[in-house]
């Protein structure tokens, strides 16, 4: 066997290996497009909360969003078939950001519909990440979603006042305070989650200032009404 | 053969003689430059202290304000008449542009302090031309001057707006409301001035304009807040709020 | 033929080619100075909106700005004669940034005068980029201009309140919300436009907070009045 | 000089030196965990001030916090045994941040309990940094803690209004004004303390806005009541 | 017509425009893969010059490379159908680098086969870029290719000595000196071509040193033999 | 159940999860220290090749290095017990760099001892990464190691000449040429491996120049002797 | 009300009194730091000059070499006995680590010069421990010392190899061939030492090791070139080449 | 101070100042083209030294170069009329590089013609920079030129051997050794001159290698012949 052959025998199988990875990434990218489309639509749908005080309109938006989650679940189903076993963390850069956004959206819907905090298990179900063979919902992505929720709610608190809903900011204030307390229980290490958590205090402060503005002017409704 | 050549080279060699001359020239230039850098650092520190002092004019006690302005004026004069004069006399016989980088930061900081003082003292800033007169010196009958590039003047003004921003927000802290509007409008005008300048290739101006824009945004928010908060009280009281800084010694208990 | 000749015959024509390009760039740079000057003046002129509430002063500024656009159009006219056919994208770095700024300024004038969003066709006309043989208005530059407009309007909203004009922020809020909705329809790729669009949310938020402050204090004028 | 000599005389002692340092750092890191745990608990405990107007609850929180400081002192005691003599500033990166936070918390407790500014000596005692052989309380850490206190108090002022305590903002206003006057005496160079001090003006401003809002509405209590 | 419709009517056509661009880029990228494959193969084929002194082997390699150029030409043919008219310079980042490499390879083949410098017209024909409707061979890319050739030839000069061919370095020296003289005729502006040209002197120097080594040892063949 | 309880029940389990990860990372870091130490020692040991021509000394160094690999294997054995199943790619940043260096060292030893290229399987065995349950030898790390080998060998070629070993550079030249040919077969994507591969050409060039210098001076030993 | 409060604050106020104390402490620390920075800059400059001087030992005239080494030795002694002593006495009562960054560059440059001297003088470098003895002082019966971190020692050595590289190439320029091999091997050993160090989180060491690697590569090429060129002449002449630097006064006309 | 005053007193004069400066720079740039053209021609003319051993050809080239210097002097004459008094160092970026190159060329001519180092005064005369009112020859530019000369001479030494001139390298060796000794007297700070000087040792080394190669072969001519 000549030296050329030796080399070829060593290197040629490597190319296959490299090509495989390329193909997997290509497939993942394509599937992500299918997930990002409904994602964008859910975002747009739920933006209605900043423009109206009307409970029915909001309910309708939640309903529409839930329907769009169907496509999301279909997307993750397909993704589960493509990611090689044991290599979740090799490829998760492709879906991490979208998953965090979807966690945020699921949590927002549950907040609007029920007023409480969605748990991780339910979130995984809404996204279609539960009981998958290769995929799962990463804790970090779920928590990232909750932090994004707090930011959206601080904007929501501001806009509800504009639309004359003085009850909503109190509900949001209580909800985000609890969320804040929850995060404070965690001893996060120095990573992107920690950084994002550090920004939570600005949302809390903003919401407190809205409640302050209402209190100062005697616009706070009877506290009994706020209980969800 | 290199080694041999080297060993035969002595101080009488023509090339060596030439280079000994060059060494002298280079060393002198280098020493001169270092000297000016050190002088400039001292100037920067003193100007930072004067700026710090000027912030304490943020008071209603007219006497204190006057005293502070007087002190600042004197110290600024010392800088031009002594520190900068030293630099100017060193550079008397040289092309100042060769050494300009050595004192540009001191000069800009001085402009920042001077213009701050002028604004507080007489509510305006003087032109480059009239400030340039400070840098004309005479000693032993000989006239000389310090090179004062217009760019340093403008960049000093940009830095100065940062101090105005600090002052504006501090003003609000101590309830000095009308000053905020005045200062904010002044900075708006300076910002407009910067927007109008076409200066290809002056990176530093771009950076400073950006900082200026951010300072201005902070000041505009302060004014906005005064207005929006003031909007809730009756008109005649609003006037009081806006003009409160003019009623220095009056007591306005019960309302503020 | 000696080797020197061969080389000279090959390389000498290249110099011509290189010189041509140099000359074209030189000419473009000179013309851009002619465009840059009125551009700066329009910018300066329109800064008046942050210093006064007076409608007439603003109208006058718009009028002055429109006159200055005359020089801009003359500039692009000249530019059209200089850019070689089919080489728009070879040279457009020279005018891209100025064009974006001018789109912003045209859109601001139309907003101040008429209250609505200028379309791309009209913008091209104002700049003098319509029906040109070699030049055209690039979509990206137009959109960049609109995003710059949103930023300027958020500053305008703040300052109009300071000057006691409580109507303006509502008009701006409505206008920018529509702009935002428009951009959200687009699926931008990951480029400078996308990056700039990501910053739009800060403008929207700022404006919403201004409207919030007005609403909270009952300073919102009769909604009927706002409709342009 | 043989290769072995270089290794033996130069590099081996250096490696030993590094190893020693690493060991010290490891120990310090472990002790810091013992200090950071009560620190986090004190923070959580004192958050009550943003949720209630009830003086007794606040007293109880202060009491609980003081008990937690016991563990902090135990931690610094241990640390004092680990840091080599004369090398405080070699290792202080490990405890600087926590110490600053603890200074802030000590100062907050004293403010809540007594209404005045805790001095440096007392702070050192509360933290357990007084009369130590190798440790001491760094002036800059103490000052950093005071600046953090001002930020917390500005938030406290906002929330007290929400909970109907119109007295507190005035007390805070006076307290922070003194602090501000104090800091203005210092010649800070361009370091982290200077940067942090630059932000103090925003806290002062926020507090003044609250006082202003109260004044406008005649909600400012009789001055006599404010005196602590 | 509602404001939503207005916006939709303005923005929806933009999406189409954005999508078009994306599609064009995707198509170009795919075609480039078809061009880069033979490119890589030509490179590998011609590496033989560094391993053998045998003229026939080199001829055979040139022949094989010329066959591979067939696929290159097919690629550019397809590309010409995809690039929109007048937008060569909008998209040329996609093919610039490959084109420069191909110019280098064409020039290397001609040097090996005939010993003289290929001209721009012939290069365009070899690449399949002549008489195209939208594509052309950019002067800069051609010159870049020549500079790459000089670098390869300096390596070739070194390796020919290793394989005992003392004639080749002289041929190369003469050729590259002429190339150098040609480039020196050009007054290049301060761009990437200029930068690359500045590196030419290292190739010239290297080749001169090889010739020096041969001269010093009397290994320079009779000059008469070198003439091509 | 109070809201505090709800939150605690949701968040407390998360802490466990976060702590687990922290603990795993801590353990990995500690194990890596155990691997890092013999790694450094192997590096130092093998530096002897640049200081001597003596075959026995080199053999002894290889032998010593092989003994040190014992500790490396023990380290990876321990690591395999710590990395959670399916999470190789979550944590591999911790060991990637060391593994690449070890691949390089294994390949260097095999080159010195046997003169041929170690294959991936054998490398895994030397490192102790074969037949592990959670760990494996990543292709990229192995290839990275080979590229590092080429760089070391180019230095080795220079120094062997200095020590009068004119045979070694020829062996190296042949070896690296084959390596180069192997890598050229691969169509690498645009990542760190590709970047590192781009630098291979400098090593090849350097080695070719050494062989050139020997050939020119007739110092090339009888080719027959070089064949391993 | 903020404004009122501010105006009622006088120098007897408790907080103000506290802060006046803080001001004193901070100013003193700052001034001390600045002073050491300036001292360190002077040390850096003087050491650079000594290094420059040491390069002129690259001569065959033994007397000149000795004279240069003597002068360098004296000037190095002045640095430890005066300049560093001043720093040490300023820091006598303070935690030196707080001020260490202020003189680290001067210290590293000193090590670079000192080790260069030691290498030229006695062909070895002394250990950290023995060099550390230079920094033990006594004045008026009081003993004190300068903090000399081992890291600065090692980083100074890294810089020193850069000077060896210069020397090695200059050596070749003047035909001093055997020195190159010796120096190159010395640097190889130092490089091996650096390769063996495990120092998590010392970025600067990584950077310096990289520079060291490049310097070494240059030196290795020099040695390679000597060898490959020397290979073409008869063995007995080669010996002459390699040992040429040892035949200081001999004439070797005709061959070199 | 009114807005108009600020513009008039501060910004308008500044803009004027900038415009003036730009005009000066434009003029300088144009004059520099007149200087750079003969500069390029002198470079090309003197390249003959690397291609021939013929003393007459070299003399002729020097003569031609000296004629071209006429245009250089005319250029500096014009430049002297444009640079404002006392502002040499404000604008010298425009001519610094060309001046350094011209110093190099002047020094090369003198070396070729007379064999000694041109002094600064004479160089200024050749360039036309002596006794000018605003211009002068900067010492650092002159020194830079000498360093460039050393690099050119090291190449010249190599090529003279190729053309059989064994005398030249010795002459160069002596010349550059003196130059080197001169530069070693200077205390250079860490600027571009220092950096350039650091490279001088490589030129010295190269030249010594050539001399060494000649010595080995007994090709060194009788010393008597070397004296210029």
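Observations on the structure shown:
The first chain written gets the first letter, and so on, giving A, B, C, D, E, F, G and H; residue counts start at 1 in each chain.
What we mean here is this: a residue touches a chain if its C-beta (ideal position, glycine included) is under 8 Å from a C-beta of that chain, and two chains touch if they have at least 3 such contacts.
Quick caveat: nothing in here was measured; it's all calculated off a predicted structure.
Chains that count as touching both chain D and chain F, per the definition above, are A, G. Among the remaining chains, none touches chain D as well as chain E.
Chain pair with the larger contact count among C-E and F-G is C-E, by C-beta pairs in contact.
Here the CA centre of chain G is 35 Å from the CA centre of chain H. Note on chain placement: the centre of chain F and the centre of chain H lie 49 Å apart, centres being C-alpha means.
Mean C-alpha positions place chain A and chain H at a centre distance of 65 Å.
Shown for chain A are the residues that touch two or more other chains, namely 181, 185, 187. Shared contact sites, meaning residues of chain G that touch two or more other chains, fall at 1-2, 6, 173-175, 188, 192, 196-198, 232, 256.
Residues 1, 3, 5-7, 9-11, 13-15, 17-18, 22, 86-90, 116-117, 119-120, 139-140, 143, 173-174, 177-183, 185-189, 204, 207-208, 211 of chain D are the ones touching chain G in the complex.
Taken in their complex, chain B has these residues touching chain H: 1-2, 5-6, 9, 13-16, 18-20, 22-23, 25-27, 30, 95-98, 100, 123-129, 150, 153-154, 157, 186, 188-190, 192-194, 196-200. Considering their complex, residues 177, 180, 184, 187, 198, 201-202, 204-205, 208-209, 212-213, 215-216, 218, 220 of chain H touch chain G. The touching residues of chain G, counted against chain F in their complex, run 181, 185, 188, 191-192, 195-198, 217, 220-221, 223-224, 226-228, 231-232. In the complex of the two chains, the chain A residues touching chain C come out as 40, 43-44, 47, 50-51, 155, 158-159, 161-164, 210, 213-214, 217, 219.
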